[in-house]
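Heads up, the next two complexes both have chain A, just with different partners, chain B and then chain C.
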Partner chain A sequence: MTGTPMLEVRDLVIRYRSGLFAPRAKPAVNGASFQLMPGETLGIVGESGSGKTSLLRAILRLLPVESGSIEMSGQDWLAIKGRSLRQARQAIGVVSQNPFLSLSPRLSVREILAEPLQAAGQSAGAALNARIETLLGDCGLPANFRDRRARELSGGQAQRVAIARALALEPQLLVLDEPTSALDVSVQAQILNLLADLKQQRGLSMLFVTHNLKVVAHIADRLMVMRRGDVVELGATERIVAAPAQDYTRQLLSFGLNAKTHWAKGQGVQAR
Partner chain B sequence: MRRVIYRLGWPGTIALLCVMGFICMALFAPWLAPYPAQGAGAPNVVAKLSPPSADYWFGTDHLGRDVLSRVIYATRISLSNGILIVGFSLLIGLPIGLAAGYFGGWVDEALMRVTDVFLAFPALLLAVLMAAAMGPGFLNSVIAVAVTWWPWYARLARAEGMVLRGQPYVEAARLAGVSHPRIILRHILPATGRPLTVQAALDVGPALLTAAALSFLGLGVLPPDADWGQMVDAGRKFFPARWWYSVAPGLTIFLVALSFSVLGDALRDRTKGPSRASA
Partner chain C sequence: MPLLEIRGLSITIPTPKGDVRAVRAVDLSVERGEIHGVIGESGSGKTITGTAMLGLLPQGTKVEAERFHFDGEDLRQSADRLRGNRIGLISQDPAAALNPVLRIWRQMDDVLRLHRKAPRAERWAEAVALLASIGLNDPEKVLRSYPHELSGGMLQRVVIAQALATGADFLIADEPTTALDVAVAMQVLELLRQLVATRGLTVLLITHDMDVIAEVCDRVTVLYHGRSLENGPAEQVLQRPEHPYTRALLAALPDAAPRGERLATVEGLFIDPETGALLQGDQP
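Our next item is the complex of A and B:
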């Protein structure tokens, strides 16, 4: 892959502020560097506390960065502020872990999906409704779901709505923070398949954060393994899964064994 | 009706009926009062200070006016006093609190320190000062009490705003490029509705009591208008020999304040309960 990377992170350091007299905290992310090419999926894997979510939140500009740089399509991403940041962020779709928390309990699916579209300046009307139905369809939900509320959906359905919302503004980059962790395993496989389809259809770049290496191995082109803020391994998925260089990666692989069995079932592939 | 009883429980339902009864009383005072003219303030000196009787159920006051009619007419002023105080307080406190809680940082510091200044004064003292400075009158007494009242709403709204700001669905709206005012209107404000309604219902009673206290001190409405506090004060000079003059409005204050606080409790308990499929 050549050309300008979709996203380029260099020597990123994130440190949570500690108290005035407390000793300086160890950085949550300690010098992470990676590139994400258009159409590529990077899996960020690590146990909890490894800094993967902090990294993601910094890329979304929800966390301040101590040092290092982030470039989005060649532009200095950290320099964008205020209103232009609000607009620029619309080029990133975000799906978080628990759809029941990330979808407002007070709004209908239609209102939830209309929100980003209207924030981008689309006015309410037939065109908006048609767009919402297309989005629902793309994510494998019937159009009559638009009048439901989040609590009337199953976990998988709600996560599909969250994915539909993330795709509403045709982003080139999709950021997924443990998108399958709150779901049971059979639904996990369905969501993973949906993501794989979307990636293929739309040529999306994805950042896929998870603690479950087996889940992400299915969908990621490359993997980045993190531990306590450090990047311990970065490389092509096949290489890392086949021959992990670190004990830690090997452990992560073995933790995911169960998931793999179920995931493989969902794929109609015989488990090993 | 059965659903109301189910949701609010018996005490809550009775309190709700009482509150609705008093609201009707305020609305239909001229038709409900046995002596509408006297209720509005016309003197009737021949029957001055007569004890409760078949003609005058609650007796008459020092100008011979029927106390029952006066109490019914005073409902208009006292009830709107209580409701307006809470309304004004919400109007000031809610935006300030939500902005402080949602934006955090220096906005929060600045707004909450201003709020603290108002909280630093004893509420009744500040209200008396305000009312004395602005002079007696209905609207002035409402403003005087609301000035001491809004910081509590600001603090409540701030707490809600802080919790909601971190909710993933609010964050998702932010990431989708929704503007701050729109997020506050669409996500934060509706979510604060419930706790604030409960607090508002609980507060109408005390607000009305404070307004009554101001009237009692002569800083509320001016004669011939009457509110309950002012009536208690007027009757005080004839107490205890002509006890009915103070007791009737006093008991009414007690009943209304109690109803609002029981209703508020019932509403709060309802919101704590399990989520309802029918909502």
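Our next item is the complex of A and C:
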């Protein structure tokens, strides 16, 4: 891929303030650099305390940055302030881990999806309703779901509504923070398929943050592995999965069912 | 004779909107000294089945079964006595299982005082030995800590130590690693395996995670809509599943299909929850 990156992060350092007289804390993100090209999906993998969520929050401008730069489509993203920041943020859609926390229990699905559209200046009416039906359809939900409330949805359906809402303003970048961690395996497969479809149809760029390397390895073009604030691995998904450079990455990949190659070979369960 | 023997278990919970049959027909047989996995998705009845063994279901719940026995005793009568003596519980979130305002020692000692009529110094020594045996470095420091000062993996070890302090020989571990990072989860699973080998423990491991089953379980039972569909050695069930639902579930794992290809999805009902009759897929 060539051209201007969708997102370019250079030497980003994020540090939380400790007490006034306390020694300077270790940075939560210690010099992260990466590019995200248009239409590309980058998976960011790390355990608790790895800095993956801090990095995401900085990109959403919810957290101040100590040093380094972030560019969105070639523009200095950290220089945008106030009203124009609110405007510019519409280019990013966000999906969080638990749809039942991110969807208001008081609103109907129609109201949830109308909110961002009306905030961006669309007036209520037939056009708005048609837009909502299209969004629901794109995310695999029938139009009659518009009258339901969050509690009348299953986990997978609710996450589809959250994705539809994130797509309402036609963002170029979708930021997904553990979007399948709260879902059953069967529902997780449906959501991963939906994201793959949306990526293909809309040419979306995605940042997919998770602690589960296997989930993100299925969908990401490139992977970034973080540990204790450092980027320990960055590269094409195939390369990292085939030949992880770090013991840590190898450990994440060696866990579980499909790593049990000796089973497939019919050698029986590992001696215990 | 299996240590735990459940045949034809059905659990009906009364609610203001009428009775809910959370478990319809579960068979589960756990041998001494094995780690037996119970796998199922939300609503499969896996946690309710575990809660019934502990005798902790809400009042008025109807528990019916042909056999619901632990070591020859009917759990419907003896669960309250066995819980906290022979049957221990490891829950998903260790931080929620411990009291945040009490030091670990107080919480360990609550258990030790109840089970041993020994002087304080001896109980302290036993707590230290117990924490050391489950791989906590500097157990004395851990005992003097509050839960918030310890990591998730350390807290889960403390909860396991508490269960062992009761003298339990059967642990019900309900999603014990779901709240933990992969690297820490692997250590906790390894610890369970060690305890089974060294202390002759038996573990019932309830989870939705096939990877966890593959890592530690000797045998596994698959639950779906309150029914047990199949059981057998973990290797056999995960490699050559017989039931169409188990096959569909395994095909939906994110690493079951190459990158970029669509994952198989699990759509529709596989069995009629009322009768257990197969609704789709080949005959098992």
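Keep this in mind: the second predicted complex is superposed on the first by the 254 of 272 C-alpha atoms of A that agree within 3 Å, B and C clash if a C-alpha of one lies under 4 Å from a C-alpha of the other, contacts with A are read in each partner's own complex, and residues count from 1 in each chain.
One rule holds in what follows: contacts are C-beta pairs under 8 Å (C-beta built on N, C-alpha and C of every residue); 3 or more make two chains touch, one makes a residue touch a chain.
Note that the structure is a prediction, hence the values are computed from the model and not measured.
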item	value
First, second, both or neither for A:Gly155, with chain B first and chain C second	second
Partner chain in contact with A:Gln35 - chain B first, chain C second, else both or neither	neither
In the superposition, chain B vs chain C on chain A residues touched	C
Which superposed partner A:Gln90 touches (first chain B, second chain C, both, neither)	first
Which superposed partner A:Ser69 touches (first chain B, second chain C, both, neither)	neither
Contacts of A:Val215 with chain B and chain C, given as first, second, both or neither	second
First, second, both or neither for A:Gln122, with chain B first and chain C second	neither
Which superposed partner A:Gln190 touches (first chain B, second chain C, both, neither)	second
First, second, both or neither for A:Gln172, with chain B first and chain C second	neither
First, second, both or neither for A:Gln251, with chain B first and chain C second	second
Contacts on chain A seen with chain B and repeated with chain C across the two complexes	none
Residue ranges of chain B touching chain A (in the complex, touch as defined)	167-169, 171-173, 175-179, 182, 186-187, 190-191, 275
Complex contact set, residues of chain C against chain A	41-42, 152, 181-186, 193, 197, 208-215, 218, 233-235, 238-239, 248-250, 252-257, 259-260, 262-266
List of chain A residues in touch with chain B within their complex	60, 62, 86-87, 89-90, 92, 94, 96, 98, 101-107, 115-116, 119-120, 151, 162, 165, 168-169
Touch list for chain A against partner chain C, complex	47-48, 155, 184-186, 188-190, 192-193, 196, 211-215, 217-219, 237-238, 248, 251-252, 255-260, 263-264, 268-269, 272
